[in-house]
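When the chains are written out, they are named A, B, C, D, E and F in that same order, and each has its own residue count from 1.
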Amino acid sequence: MSPLKPETRQKLMGVSTATLCTALFKRGLSHQFIQNVRPLNAGLPNMVGEAYTLRYMPAREDRNPISVFLDRAHPQRKAVEECPPGAVLVIDSRKDARAASAGGILVSRLMKRGVAGIVSDGGFRDSPDIARLPFPVYHQRPAAPTNLTLHEAIDINVPIGCGDAPVFPGDVIVGDGEGVVVIPAHLADEVAAEAFEMTVFEDFVQEQVMQGRSILGLYPPTDEQSRIDFAAWRKAKGR
Amino acid sequence: MSPLKPETRQKLMGVSTATLCTALFKRGLSHQFIQNVRPLNAGLPNMVGEAYTLRYMPAREDRNPISVFLDRAHPQRKAVEECPPGAVLVIDSRKDARAASAGGILVSRLMKRGVAGIVSDGGFRDSPDIARLPFPVYHQRPAAPTNLTLHEAIDINVPIGCGDAPVFPGDVIVGDGEGVVVIPAHLADEVAAEAFEMTVFEDFVQEQVMQGRSILGLYPPTDEQSRIDFAAWRKAKGR
Amino acid sequence: MSPLKPETRQKLMGVSTATLCTALFKRGLSHQFIQNVRPLNAGLPNMVGEAYTLRYMPAREDRNPISVFLDRAHPQRKAVEECPPGAVLVIDSRKDARAASAGGILVSRLMKRGVAGIVSDGGFRDSPDIARLPFPVYHQRPAAPTNLTLHEAIDINVPIGCGDAPVFPGDVIVGDGEGVVVIPAHLADEVAAEAFEMTVFEDFVQEQVMQGRSILGLYPPTDEQSRIDFAAWRKAKGR
Amino acid sequence: MSPLKPETRQKLMGVSTATLCTALFKRGLSHQFIQNVRPLNAGLPNMVGEAYTLRYMPAREDRNPISVFLDRAHPQRKAVEECPPGAVLVIDSRKDARAASAGGILVSRLMKRGVAGIVSDGGFRDSPDIARLPFPVYHQRPAAPTNLTLHEAIDINVPIGCGDAPVFPGDVIVGDGEGVVVIPAHLADEVAAEAFEMTVFEDFVQEQVMQGRSILGLYPPTDEQSRIDFAAWRKAKGR
Amino acid sequence: MSPLKPETRQKLMGVSTATLCTALFKRGLSHQFIQNVRPLNAGLPNMVGEAYTLRYMPAREDRNPISVFLDRAHPQRKAVEECPPGAVLVIDSRKDARAASAGGILVSRLMKRGVAGIVSDGGFRDSPDIARLPFPVYHQRPAAPTNLTLHEAIDINVPIGCGDAPVFPGDVIVGDGEGVVVIPAHLADEVAAEAFEMTVFEDFVQEQVMQGRSILGLYPPTDEQSRIDFAAWRKAKGR
Amino acid sequence: MSPLKPETRQKLMGVSTATLCTALFKRGLSHQFIQNVRPLNAGLPNMVGEAYTLRYMPAREDRNPISVFLDRAHPQRKAVEECPPGAVLVIDSRKDARAASAGGILVSRLMKRGVAGIVSDGGFRDSPDIARLPFPVYHQRPAAPTNLTLHEAIDINVPIGCGDAPVFPGDVIVGDGEGVVVIPAHLADEVAAEAFEMTVFEDFVQEQVMQGRSILGLYPPTDEQSRIDFAAWRKAKGR
């Protein structure tokens, strides 16, 4: 896994998942938004990090008594202790939120270890506690039942699906107040750069629109005047 | 489209979608609530306006590259510039929130143009930005991918479905903190009047209930005393 | 129905639905969490009470005109007036939130009567008003249409399903910021006691984790040291 | 339960569920078709009989070990032995086909007892065996797991929902190759009579259409000539 | 609408929807298969024809009494009489099969008029009768309730969605025992030609595989020998 | 993988998935039935074999052009050539039938190689051709689009989920006309033996029921006479 460049991470901290989705769409990638997950805790900076994955399969009752956690090598607990700082733990819960993907203690441990965030297409338990942590957590909906009820953690750091998006270990995960997007590792730098530029322009457009300007000719800037105005604005703003 | 009377609009600003649904139910209309949409921004006054519609169909890839927006006549952009002030833009997104119906810039433009609000049975992108606008916006859930990913805007101001409700151009759309209801144009005045009256009575009932009174005989007022009390209350309150 | 013991109620006020689900899971019960309901009003203490149930069936139009509420014995109104103080009204709405299970006035009446809370696997109307009451209310999503549109109240205090969970009259219902769990009546005391103990330990673990300790050997406490530390912590905290 | 008149039963044997739905729609009833069930065995005459109902709730594991069937009074077994000959057993399985509503042996017993048929909005097990019986059986899809896995039979002959349709004991149930419709008991005679007449006309129309005639003016018969032709056809056919 | 060339129609009669989907996939089109529809009548030749569309919206009760069919210009009836011979009537029923898209008489009329087939992403009524017609009909599942219950026909021959596929009037519709695919009009000739060639090769491969040959090197023909064998086979077969 | 004993395979050829589900339920296993799959080809003997698994993840467009099949080591093709004779290929398609899991040629190859059958919780393409093969194939519904549209084959013979059931390589898969059940490898012998015995008894019961006997006391045989009769019947039948 090639490490995420600091400048790329920095750029990704300042762009939206919407803008990133457009940059990916231009490259023919239309399934990179993790569908139907939301942040538990609003008002945080973006979540940015490389994907470290955990795959769940349906639980078979005889393999999943409460005692399995006595095993220090249980993949769920192992993942929580081994997910690298700065990475995002992404869990394939098969979009099943009837039982938890993890709970408040494990999420707290990830936060303390310096992990960048956690995403599941299922649900977390202890969600009111999690919502108070200064840590980005995304899921479908709260789920109080222990994960053993329906999920068995079976694989660490393999390619997975999450919310119908393909996730490969090392892909760059970005989350904001809207949701989570998966950037293929090899595209991270160029997509971050393009999204960064797009954001400057969209900030200009938004400002113009709030001043009453029409979107026609401005967004996209098909009028020459729009491009001139943007250049002037950019210079004035020092962006 | 007969314009919405100011006094009707005024009444509709002060009643709930729940009360309106009951008034419509009494007239045999039971599919007028737009199912499964919610406001992005809480605490706003009611959204009231005549429906101006936009119909989306599934996107075919060859017709929906990013370059389509270079066309100033693209129906989505056209709708945003032509939706009348005071109207509500209602989008038929086929209940598909996997890609956006529109984003923050277009929504801002609608707000600046004096449009009364926007509703989609899909999802909006830039939802955290939209949530900060003093403008009523309703959708199913956030959706970062550009609309081109799955939607093609194909028709403006034709009859549509939105959240399983029938919407005809000119129908009166009312949204509150609960959701959005569609009042057929020809019923708007009488439904507004009836709902306004119902609201006065419900305010009385709510006050009585909070003082400890039973609902039996009061709601509905089958006891003579309830009607006497209501008359007195109404007089005292000047309503 | 054996009354809920005050000390059991007290314990249940201080534990989470997540912890209760684990205690139930250990006893072989894995369907006791009411799926897909959420609190309308955050920040309240736990909801705890014995289940008093109301069963809805699909509405047949000729049996459900608005005039049915003129009948004081209508099961919905009857349930609202007869649900015992301290109990939780649990409604089987067949997971159908397209029409309301009840509205703000009935919910207010329940609150005033000293009922402990209300749960429906459908939706409530007047949800913005309900959200301002200091009263625990759980549902799937807001629903403005009157219940008569799709629901007929048909049975009071019979065994029902709610959000795929089995609910028997007298079962103990606990709700928190995450959701709602159903404890079989005969297990209430022992499950409350066990969950209470688990909560003490989890509070210790959470504190340790927030101080940087690994979960391995701590959660569960397979390391002898963890158990020693916990004993000391508990003594120090007086818990 | 007033017994179904033989002539009504006879008429209902000869009409389709589609025609019956139209007759009910004309009376303001639009939820009487049991959604999403299909016959296991094609080519049988219509199923006609009064509803005898069985209500399932979600199974709680401790109440539903395999040994419950040692109890001769178990509601599922009781229903199978007590459903009156000529009646239709209608099961409310909460549209959940992940576990069986019943299996081949119980269905065979119903057939031998002279019951008119069985409907569940869940699934039956032993479906290949059932498909070979000369007995009308309708369900959503096959389900091999025993009913105890997810269903507990809790009530006999109470009002229920089945496939989103309201079913009261004594309602008249009609099934054909398309599905199953529920006729409120008090409407059975008139709806049967009307549907019988409609069927004569539709047979005429179908014959005309197959001979190349346009539907305009014929269906409905807005052209005078259509009514004349129908009268002549009817006379010639002796219907 | 440019007419479908006879040789293109002829080729499309002999290829599968699976092969056509692959040819479309190679051109970047991945949403052209109408999802979740199936043929009512097995064993027919392919359905091939240009799309003639009908759009349904949610029904509003006051606009959809049974009497609307007295109007000869009702869009549903009009579409049935005006759909050109050789075309396929494609109905956008918003994937809602709770009420019918049409019934046996209308379908019979289409057949007699020489229409090539009919597709709805909802359901047809009189499905057992329809299943006996030598006419290709595709839907989601049977639906006895009259279309007026939930659908209002509102537009003829406009672009629609059907089963999540985009359908433009004049697109070429092909159905087989598997389902229905939509070929954009401008691609019909080239896609038909390519699929025709692919089918010859796949027939060869299938024959080889049934004789025990491995797919490696054969499918696709990465081994030189596979290509040699195919050339010989083709010559021998005269294809 | 310990090989499946011939006598166990033989027993499993003669029992139903329903009976096997009951035997598993008695052992506390309630998620072993693969939900929502059906056989394409009726009238075949049971499918019995050890699971050989293939895992699909969501397809990323840049990794899944049509050219990937030029690679002989592509996991889908590899699985088809390496799945052992006598085994069942089980595919985790994430319950997504919008694109194919495989097509007729690959299925034919599996059949020729002596594989026991194939199951996917998605859909197969070329389903009409597959339906004519004397080979057990189970899926959710037909799907013409190539698997590359939505699926990337990523792992061979790892633990997977299929139709919400846990499947481990080597588990014993049994399919009949109803569906498919997964027997944990270590339980195969005892479950087969028990189901075989249960089947003898159920055949006796079915015969008795068809002769008019009540199920009470017979099924289960709580009456002493039932056990006596069964013993006699068994002796007479030589089973």
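To be clear about the criterion, a contact is a pair of C-beta atoms (placed from the backbone, for glycine too) under 8 Å apart; a residue touches a chain by one contact, two chains touch by 3 or more.
Computed from a predicted model, the values in this text were never measured in an experiment.
Enquirer: Common contacts of chain C and chain D?
Expert: Touches both chain C and chain D: nothing.
Enquirer: What chains, if any, are shared contacts of chain A and chain F?
Expert: Output, common partners of chain A and chain F: nil, no chain qualifies.
Enquirer: Count of steps on the shortest touching-chain route from chain C to chain E?
Expert: Contact-graph shortest path, chain C to chain E, evaluates to 2.
Enquirer: So chain E and chain F: same face meeting same face, with over half the numbers shared, or different?
Expert: Here the answer is different, because the shared fraction of interface numbers falls below one half.
Enquirer: Where in A-B, E-F or A-F does the C-D interface recur, with over half of the contact pairs identical by residue number?
Expert: More than half of the contact pairs of C-D reappear in A-F.
Enquirer: How far is the middle of chain B from the middle of chain C, if each middle is the mean of its Cα atoms, in Å?
Expert: 31
Enquirer: Calculate how many whole Å lie between the centre of chain C and the centre of chain F, each centre taken as the average of the chain's C-alpha atoms.
Expert: Chain C and chain F have C-alpha centres separated by 39 Å.
Enquirer: Approximately how many whole Å separate the CA-defined centres of chain B and chain E?
Expert: 37
Enquirer: Please list all residues of chain A that touch 2 or more other chains.
Expert: Residues 30 of chain A each touch two or more of the other chains.
Enquirer: Which label fits the chain touch graph of this model best, line, ring, star, complete or other?
Expert: Contact map by chain: other.
Enquirer: Under the stated touch criterion, can you name all the chain pairs that qualify?
Expert: A-B, A-C, A-F, B-C, B-E, C-D, D-E, D-F, E-F
Enquirer: Can you name the residues of chain F that touch chain E in the complex?
Expert: Within the complex, chain F touches chain E at residues 66, 69-70, 72, 77, 80-81, 98, 100, 103-106, 108-109, 112, 125-129, 131, 141-146, 148-149.
Enquirer: So in the complex, which bits of chain F are touching chain A?
Expert: Result: residues 27-32, 57-63, 94, 96, 152, 154-155, 158-161, 164-166, 184 of chain F touch chain A.
Enquirer: For chain B, which residues count as touching chain C in their complex?
Expert: 16-18, 20-22, 25-26, 30, 33, 35-36, 38, 42, 176-179, 181, 202, 205-206, 209-210, 212, 214-217, 219-220, 222
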